[in-house]
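Structure in structure tokens, see below.
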Amino acid sequence: MDVKDNQQHAFPGDVHPTASGGILVSKLDDVINWARSNSLWPLVFGTSCCAIEMMSTASAKYDWSRFGFEVARATPRQADVIIIAGTIVNKMAPVLKRLYDQMADPKYVIAMGACATSGGPFFYNTYSVVKGADHVIPVDVYVAGCPPRPEALLHALITLQAKIKAGDKREKIVIEKFVDSN
Amino acid sequence: MEFSLSAIANQVDTWLHANCASWLALTIEFVIVGLLCIALFAVLGLVLIMMERKVSAYMQLRLGPNRVGPKGMFQTLADTLKLLVKEGLTPNGADKFLFNLAPFIVMIAAMLVLAPIGFAKDFVIWDINIGVLYISAISSIGVIGILMAGWASNNKYSLLGAMRSGAQIVSYELSAGLSILTIVIFTQDMSMGQIVASQADGWWIWKGHIPVIISFIIFLIAVTAETNRAPFDLAEAESELTAGFHTEYSGMKFALFFLAEYVNIFIVCAVGATLFLGGWMPLHIGNWADFNRIMDYIPSSVWFFGKTFFLIFVIMWFRWTFPRLRIDQLLNLEWKYLLPISMFNLLLATFIAIQGWYL
Amino acid sequence: MNREELQSAITALNADITFEEGGEYLTANIPADACRDIMQALHNLPAFEMDYMFCLTCVDWKTHLTMVYHLESRKHAHAVVIKSKLDRENPEIETLSDIWRTAEFLEREVYDLFGVRFIHHSDLRRLLLTDDWEGYPLRKDYEDPINMIKL
Amino acid sequence: MLQEVAQKETGDLVINVGPQHPSTHGVLHLVITLNGETIKKVEPHLGYIHRSIEKMCESLSYRQFIYSTSRMDYLSAHINNHACALAVEKGLQIEIPERAQVIRVLMDELTRLASHQLWWGALAMDVGAITPFFHAFREREVLNDIMEETCGARLTMNYMVPGGVMFDLHPNFQSRVKDFITLFKSKLPEYDELVTGNVIFQNRMKQVGFISAEDAVSYGCTGPTLRGSGVSCDIRKHHPYELYDKLQFTEPLETGGDCWARYLVRMEEMRQSLHIVEQLIDNIPEGEFQAKTKAVLKLPKGEFYSRVETARGELGVYIVSEGGLTPYRIKFRSPGFSNLSALDHMARGQKIGDLVAIMGTLDLVIPDIDR
């Protein structure tokens, strides 16, 4: 099977280009993406050190309210983005999954800090740490650092905004990779 | 020609009656009024939420939203759009009918109260002759929606929040009602139009002596509690009950609750402005004819919205300054302090009214 | 009481107590079955009045487990370390949670991580790990090929 | 399932607070039995951030394991590192230079200040006032900058090593700390005005979460929690380490035993820390900042226990050494763990809102409890 053939019979679930009447729909999509990207309400969720830096990001010096992120919701139903601030351990993993499932679509995930990205300093010789939150839920943006500086978190949020504005959904990127590798 | 909302309304009315049958004209007017109400609510929601965020940012040494659109003005627009297209979840164990009905009840109750409020001179939807009674009756319907939401969510936090809210609103209705009665005693009329008219020579807060000042303070406290705002936000109590009665709501249904909260604030502040600060009535001082004439040049709608937004700012100020009360302290405050004080205050007001000591 | 006085006073409680040389605190090895009586005496007798248990833990010595209790008296400002050897296969010791309330949680932690059963403990469940966790992770022979990446 | 049955039989309401809940400051899980709004029982479920630090440390060298401890009680990262460094130094029997001692004490106290600032803001947020949180962070950011300049990190500093500190102080350190002292002294009255003097706040704190001195000692409470019940327990006074026996400071004591007493103790502790910093900042001796130690550290066979006073209470580090390169067993006696065990005792008979206030005044840091 050559590449061309593969692209014609795209992966199931791929978005098929519409024949006509695309302008209105795509403009509407742009508007919706603009709204979504500019109104990312984070879930109040912090497990360890990174949560303090998340608070710092909310504080007056870094002030994520400028971008409209300050409406932190305590209930997952009303949140758009879950910032995994801290280590996820085996006991917490089902809870994190559940929180993610409780969130309403569309939902985004930021893995903040080394622990949430890969297990970080707790990678070796630990019996209870999940080696990266992406073993549990899909992650959109990773932030490096232990803990990351508030600027890094802001950058991650802005990156997420750019990602949403571009209209790239996680599924689409996965599919593109799949097609490319074939 | 000076700007006047009533003139526009009259022109529309005359034109409609000249061109259509009277029943059609009336129907069209109903539709226009309905649309205007909805538009007003949408705009109010956007403006008030933006104002809240800016006020909180100011109190907290922050900047507040400033990236979306010029000076961040489209921030709340983006939020609303996002909530519109966000998935609306209904939990499995929920009573689906009540769960979906609750936000609309809260919203409709908030909309109904709009009827007797005069936004400008001669610009009122329906100047009912028992306006004050109507307001205090309708404004307590909203709590049914909150109780419904809490019960139907099948969530213990929601239930606790709703029960708290029920206890709170039922109690604080009393003080709010009694403090409104003070004005009714002075005006000897229940129509909102008459109450405003009676303040032509000075607002009640100036000429009503001590009883009106006391009842104004009690009114402010009581309506803050009735709208579930901090320091009386026990129904939501973010640090205790995550989000209280609307814990399980998402998307547009949550947005309705969110909007209703701000519309309610606007309405209670509008009522407060009408009763105590003269509604659309400009600032008149005794017989300073020149001064009064200058004040009259400012459109009455500006007066009304200015006063209302001042009160809204005060209520927001409360929220960002005070810690939350505990449920027993909240009820103690009402039943042990506010209610006896307002009853005594009513007695005092009656005495002053009988003696005719007000200006 | 200074160290020598404390040592002689504790020896008077039970003949089987041995003492370790050196160390920052006076360290006494007591038999596990007499643990509760000795601890009760250390807590109640006015000469000791060890009202503050500042550490309770366990050490796996591969051949046996050792319970380690750090006690201090706020009044007399003396401290003692009590150790008690336990059988590794079937570790059991009387609970101290009714003498020092803090022991309730600390013993649950030791049960969780070492598998020491505390007899008469009111609520002996796993504290930190999930209820269906297998094995006792702080033991030296604990292996978990899935979760544990050895360096 | 069992909870449902219990609920039907007794008519009590059982609710789960956490693991994700704004008032638990992390991932604590509390199962609360309620009668209406009144709490009948609180049962903490831990382990949602149990990162097996103790097991991990068994395979890390004496230089390495210290770094993992600053992730434990991240708000007193310096003090955690300090405790570990002290335990290792006890084993190595080395004296650390005076300059290093002064730096350590300075850093400890600045950390305590930063931690208490955050506690103050978070407590106010727990009882519903959001604004103080931002005011607290304003001063905290200044401290974070000072820390960053010298240690290279804002939060988890890893600055103290066996034998002293890792780097010398930044040249700006003294002047910036002095600036901070003047700034904070001018802001402290603002804190009192905004929160301490508030009638609603006082009502939320007074007569809430009472614990008697005997119970508090029995539960192993330490730090401000125990001092709020009137028991003197400051390790800096009773078992002084570094320079603390030469410094002038008082241990604040309150006899109320309620949240208000704990609040007052912490507020006074901030002033005392400031006082300690003031004494030392002009008297940093010249000299080495680190004692000469071998590249590879080996502790002799034995047991070493060090105790320090963190912002939350007494932290104990218990190292069992077999004479190897790594500790054979390490145990952290964390202050939060014992303080938390008293939560049920304090919260019984109180309202839900009080539980939040009690947790706020206990100043729980969950990774410190779970380790």
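Some observations on this one:
For clarity, chains are labelled A, B, C and D in written order, and residue numbers in each chain start from 1.
Everything below uses one rule, namely that a contact is a pair of C-beta atoms (placed from the backbone, for glycine too) under 8 Å apart; a residue touches a chain by one contact, two chains touch by 3 or more.
Quick caveat, the model's predicted, so the values are computed rather than measured.
The chains that touch subunit A as well as subunit B are D. With centres taken as mean Cα positions, subunit D sits 25 Å from subunit C.
In terms of their C-alpha centroids, the spacing between subunit A and subunit C amounts to 46 Å. With centres set at the average Cα position, the gap from subunit A to subunit D is 32 Å. Note on chain placement: the centre of subunit B and the centre of subunit C lie 63 Å apart, centres being C-alpha means. Subunit B has residues 60-62, 238-239, 242 in contact with two or more other chains. Counting only residues that touch two or more partner chains, subunit D has 21-22, 47, 50, 52, 55, 59, 133-134, 138. Within subunit A, contacts with two or more other chains are made by residues 60, 74, 91, 124-129. The touch graph of these protein chains has some other shape, matching none of line, ring, star or complete.
Going by the touch rule set out above, the chain pairs that meet are A-B, A-C, A-D, B-D, C-D. Across the complex, subunit C is touched by residues 46-47, 50, 52, 54-55, 59, 90, 214-215, 217-220, 222, 231, 233, 238, 302-305, 307, 314, 316, 318, 320, 328-329, 331, 333, 337-338, 340-342, 345, 370 of subunit D. Those residues of subunit A that touch subunit D in the shared complex are 43-49, 51-53, 55-56, 59-61, 74, 76, 86-87, 89, 91-92, 95, 99, 121-122, 124-129, 146-147, 149. Across the complex, subunit C is touched by residues 90-91, 123-129, 131 of subunit A.
Note for the complex: subunit B touches subunit A at residues 53, 57, 60-68, 72, 74-75, 77-83, 85-89, 238-239, 242-243, 246-251, 254. Residue ranges on subunit B touching subunit D, taken from their complex, read 56, 59-62, 156-157, 160, 164, 230-231, 233-234, 237-242, 320-329.
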